[in-house]
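Both complexes shown next keep subunit A, but they swap its partner, so subunit B is in the first and subunit C is in the second.
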Partner chain A sequence: MAVNGMALGMRPGKPSTLPHHVASRRTWRARLRQAVLWFVACVWGFPTLWVLYETFFAGAGRFGFTFANLAQAWQVAPFGRYYLNTLVMVFGLLAVQLLFGAVVGFVLARYDFPLKSVITLIFLFQVVVPIYAVMIQDYRMLSSLHLLNTMAGVMLPYTVSGIAVLSFRQAFRSVPRELEEAARLDGYGTFGIFRRVYLPQAIPAALAFAVVSVTYHWTDFLWPMIVTNTDNARPVVVGLAMMAQASESGMQWNLLAAGTAIVILPVLILFTLATRRILAAFAATFNW
Partner chain B sequence: MSTTATTLTAAAAPLRARRSLLAWCLRYALVLPPAAVVVIFVAWPLWVTLYHSFFQLDARGHAVAFAGSKNYQALFASPLFHQVLWNTAVYSVLAVVLCVSIAFGLSLLLYGRVAASSRALLVALFSPTVMPMIAAANIWLYFLIPQFGMVDQLLRWAGLGHENWLGHPGTALLVMVMLFVWKYAPYFALFLLAGLQAIPPDVWEALRTEDPYGWASFRRVILPILRPMLAFVTTMAVLYAVETVDPVFAMTQGGPNNGTNLVMFYLYNLGFNYYSWGPAAALSVLLMIGLSTLSGLSLIVLERRAFHWQ
Partner chain C sequence: MMKAPYKAVAALVSASGLAAVMAMAPAASAAKRNTVELTFYYPVGVVGPLSQTMTTLVNRFNQTHPGIHVNAVFSGNYQQTLAKVETAIQGGNPPDVAVLNHTAQFDLIHLQAIEPLDDVVKAGGFYPALTQPKVQGHFWGVPFQRSTVVLYYNKDAFKKAGLDPSHGPNTWSELVADGQKLQKLGMSGIEIPSDGTVYWEFEPFATEAGHNLGGNDGVHVYFNSAAAKTALQFWMDLSHKYHVMPAGILPWNNVPTDFENQKTAMIVHSSGSMASILQNAKFQVGVSFMPAYKSKYRTGVGGGDLYLFKGIPADHRAAALTFIKWMSAPAQAAWWSIRTGYVPTSPQAMQQPEMQAHIKQVPQAKVPVDQLAYAQPELSTYQLNQVYDVIDSAIQSVIDGQSTIAAALDKAQQQADAILAPYRMQ
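Here is the complex of A and B:
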């Protein structure tokens, strides 16, 4: 369906020679739209702002600013350890997923061999099956491998990402063969061609995948919660949830606010620094 | 001359065959280990789950006897499961309808002004999008604490008494719906915004001169163009709503009186708290069928959208 003005039977537009009342009505409407947008943004931002306010100002007297709540929350739960675990798992997974994705994507895009379509289907299968469906069996498998309560255990089922494989494959397939032949004439071997010709072409796909993977695994809760049961392997999201449960059974409420602030502050700062770039990345990709 | 050439190729043939065999082996060596990981952690567990859903399992989860459809029958005979299904249905319908309509409104508000909007506005609007669901749930938990939380303080200030929002099944489920809308509406608005921005400028220009007040043209032109994106966002919202489990953990643990016990939380309980592996396997199979159909559907819709515009 080609959508343009002509196909819809409309006259080609003349640029803005509108009657005066229409134009003034439009600026009035634009102002109203802007006001509504600000109102919505205030409503949406308020809960977060309130929690941050309570973290930094509650119990500090009038007009006071305090780090006491943050420090107390940091003592109650080992957030340093949680953050370390999260970083190791999220970026470790990203590295492994990118490595497997690039290599497998390259082989699938570039070479032929028996059963290739079956193998491609296996990776497609991984995209479609939700982890929830196999959670119990995976847990039991980790248990028999003595990998429960380890970071490796949390990471293992995710180490190969079908999305990574398929998006690398797609990116590599769009590389023209002439480029490869030219590189071969210049004396590059297969690995050199992979590194110098193919990989640079896949950088946008890799970045888009990185955004998806990092957001998914950083916010993932149920699977790491099931696998871990001590602070040694818990990511920060699970640690926060455990802290919240403790707070419901009679802990101080200000600690809940402070703990939440510890988790959201880094990402909020990052988001404030690179707002438009991150929004563009979100719009260009999506969580599967 | 020609005879030497043929003998040369004849001599080269086994060599070439050996080289291509070597190349195949190398390709398999690169591709099969990752495929094996997928088979071990996704395909094989899925098969075992399917198999177990038709067997009677002992306490340690080993199959002891063929059970036919007894696990499925046990699952559907449980009144708790009926309640869980009802909760999930109510929650999903409310959450998806509210979330998608608000996201659509937001995308229309944002259209053409993301570039001009101030950073503060964008950060306020999209702060729920970038934080984990658990953190979002905690913020609302903090917000709704009886007596002490912001909402109750406001109510008291307005002279309306106080209310334990998470203490009643109905209101607790509504809080979950609000949390979902708060967390995901701006996120989905981004997709719809991308859809709006993909409409060629001459369409907007034509509509502007033809119909400056624009309701009819909006309904007749813009909505049909956006329909594939709307369908994609709706399927994604359904998927997210059915998979909701984090806020149940953080806020209510399924209570009060199982009023917020959603299907994923029930599955977790079946497997890890009640140890009824058979019905858990049956429920896993049903969820697997439902969810993967949905996500496959959303992919197809998206493919059609991409096809549409390129």
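Here is the complex of A and C:
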């Protein structure tokens, strides 16, 4: 955090008791680092800033501000319904993934049984194999379960996440055995220990995984597009896709930008508010 | 310390879990008795509220055809729609009707996915350029949303440069001469897009120079013909010899924007861009034929057809045929053309009062239709995406300066021959 504060705004301009040449070298280094960080931040941030500029200022005249682009884009698709679907699918999926991840991760971290390493490997395998490699098989299965064109069908192939399982496993493995033994002496059963001792230690892991899962599923497009047919089951990116296609015409950038803004704004706001916690959770979790 | 966030997570988990369970309930079935429910996949290929336009059109069909209910399903762009169709077919759940690229027909036939539609095509009276050639003796797709390659020019700039604003350049040499005069106004003479599927803008030039890029059988291409080499040499000369076109690869989506912002006085683009260009340009826009090589006008066609799928029940098949006929009939073709910018697909569609009124208002809209008399079939083969990749990257490697024209096109020909060889045996 200290590094971040330094880089993103604090100026090392206070009078210093250090010898002059040392202080100036430090100032020089800090400035260089600041400049590099600003440069990288601008490169990464530019597309988003451009989207926001096109959305709220394009076509509004000099220094004007307008909601016209957003309003026009909102007309193209039933975005209200799509938002609701996206929220249900993204957070519903997250809930199920966290549940399975915690339980399976706990078993893998704390119990020994035959073929444990093979089972762990299967979860790792699931991280590596993209859904598109097994899409037709998944589609057939959903078809035979009559789950095509439902939100459940969109979610089902993702319900057990290898990343979630491995993250929880790693978090649980770092809990000292002594804590568990102390809890047992205090009269807790296995479930009590799981809930009172292990789960609280896994909150950073859960948060970090939540970020990965939410960003992935918020923008996942092809799979929902393929298994759903009606507005009742389609996510918000489908609405964006309705105005982002211009293989047979020129592009209307303001409309495309406004559609993009509709999709990204909620996530962008959420993540801006939670940046610190997310960074901390990431640093603590993805070390498996 | 940990209690509060833990509770928050627990609350989120349980609330969302409930929502997930609710989501498990299958979507309510809207099927009514004695009504045939059809599934119709369609892509969107031009910018704007096209999906709503399609929904409106399909709703009209549903209102006027008791006993049939068509569910119109937006399915991305053309490639994504094809992916959805292929997945659905392999999953044993084909759509009844879909709009896919006209050029997808060889791969669809190879998949045994579609049925011929000879009767509909023959009875429809479509412009021949949109249905030719027959493949394996049949017509497979019914023309629906089709476009041509046209040249847009800035009439105001033409006047300023002392050129006749009533028409664009008639020949390649006029294109160069006009471009050089326009260049003096401080804008580029012309821009031709060259990223992505550049074969489409390139093919008319090759055809004018003497040969199509593709044959009619889906297994032969002519990437290294003298005509293709002449055409690519002309493109390179526009940038490097005559200096009327910016050098390097020009993105498809930026070229109309450059034209609207008067960075370039002429562009080659799809007739499908006309509506947005006319709307955004603050000057008089002219639309003209592709300039001829010496004397021969040519252009390419693009866009999507309606296809009927195999393996659907007999009552679906009959209803789907009714739907395809209705969608491609003159009244609907004119309605769709006016609202999307695609060409009206038949002379009868052109004669619709609504269409005539539209042409009076936007005379430029007539150019792509008149051009159909000079249109040649679009490059279409088996393994189409692979073959497109081969020719597109060959052209782009030349524009990028990484390869000579002869070397790139000869290599592309070899690669395409290797891809198509297995299909020649059949």
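Going forward, the second predicted complex is superposed on the first by the 169 of 288 C-alpha atoms of A that agree within 3 Å, B and C clash if a C-alpha of one lies under 4 Å from a C-alpha of the other, contacts with A are read in each partner's own complex, and residues count from 1 in each chain.
The rule we apply is simple: a residue touches a chain if its C-beta (ideal position, glycine included) is under 8 Å from a C-beta of that chain, and two chains touch if they have at least 3 such contacts.
Quick caveat, the model's predicted, so the values are computed rather than measured.
Peer 1: State whether A:42 touches subunit B only (first), subunit C only (second), both chains, or neither.
Peer 2: First partner only, subunit B.
Peer 1: Have a look at where A:123 lands relative to subunit B and subunit C in the superposition and call it first, second, both or neither.
Peer 2: A:123 sits against subunit B, while subunit C stays out of touch.
Peer 1: Looking at the overlay, does A:149 come into contact with subunit B only (first), subunit C only (second), both, or neither?
Peer 2: In the superposition, A:149 touches subunit C alone.
Peer 1: Examine A:160 and indicate which partner it touches, taking first as subunit B and second as subunit C; both and neither are also allowed.
Peer 2: Only subunit B; A:160 stays clear of subunit C.
Peer 1: Once chain A of both complexes is superposed, is A:222 in touch with subunit B (first), subunit C (second), both, or neither?
Peer 2: In the superposition, A:222 contacts both subunit B and subunit C.
Peer 1: Looking at A:94, would you say it contacts subunit B, subunit C, both, or neither? Reply first, second, both or neither.
Peer 2: second
Peer 1: For A:32, decide between first (touching subunit B), second (touching subunit C), both and neither.
Peer 2: Neither partner.
Peer 1: Looking at A:269 after the superposition, I want to know if it touches subunit B, subunit C, both of them or none. Which is it: first, second, both, neither?
Peer 2: neither
Peer 1: Between subunit B (first) and subunit C (second), which does A:135 come into contact with in this model arrangement: first, second, both, or neither?
Peer 2: both
Peer 1: Which chain, subunit B or subunit C, ends up touching more residues of subunit A in the combined arrangement?
Peer 2: B
Peer 1: Considering each complex separately, which residues of subunit A are in contact with subunit B in the first and with subunit C in the second?
Peer 2: Residues common to the subunit A contacts of subunit C and of subunit B are 135-136, 139-140, 221-222, 225-226, 238, 241, 245, 248, 253, 256, listed in rising order.
Peer 1: Show me the residue ranges of subunit A that touch subunit C in the complex, using the header's touch definition.
Peer 2: Checking each residue of subunit A against subunit C gives 75-77, 87-89, 91-96, 98-99, 135-136, 139-140, 143, 146-152, 155, 199-201, 203, 206-207, 221-222, 225-226, 229-230, 232-233, 238, 241-243, 245-253, 255-256.
Peer 1: Write out the stretch or stretches of subunit A touching subunit B in their complex.
Peer 2: Per the stated touch rule, the residues are 1, 3-5, 8, 10-15, 18, 22, 26, 33-34, 36-38, 40-42, 44-45, 47-51, 54, 100, 103-104, 107-108, 111, 113-114, 119, 122-123, 125-126, 128-130, 132-141, 156-157, 159-160, 162, 165, 218-219, 221-222, 225-226, 237-238, 240-241, 244-245, 248, 253, 256-257, 259-260, 263-264, 267-268, 271-272, 275-276, 278-279, 282-283, 286-288.
Peer 1: For the complex, give me every residue of subunit C touching subunit A.
Peer 2: Listed in rising order, the residues of subunit C that touch subunit A are 2-3, 5-6, 9, 12-17, 19-20, 22-27, 39, 43-52, 71, 73-78, 80, 83-84, 87-88, 90-93, 145, 147, 196-197, 252-253, 255-257, 269-270, 272-273, 275-277, 280, 302-303, 341-342.
Peer 1: How about subunit B: which of its residues touch subunit A in the complex?
Peer 2: Residues of subunit B touching subunit A: 23-24, 27-28, 30-32, 34-35, 37-46, 48-49, 61, 106, 109-110, 113-115, 117, 119-135, 137-143, 145, 148, 150, 182, 186-187, 190-191, 193-194, 199-200, 202-203, 205-210, 212, 221, 225, 236, 243, 245-246, 249-250, 253, 264, 267-268, 271-272, 277, 280-281, 284-285, 287-288, 291-292, 295-296, 308.
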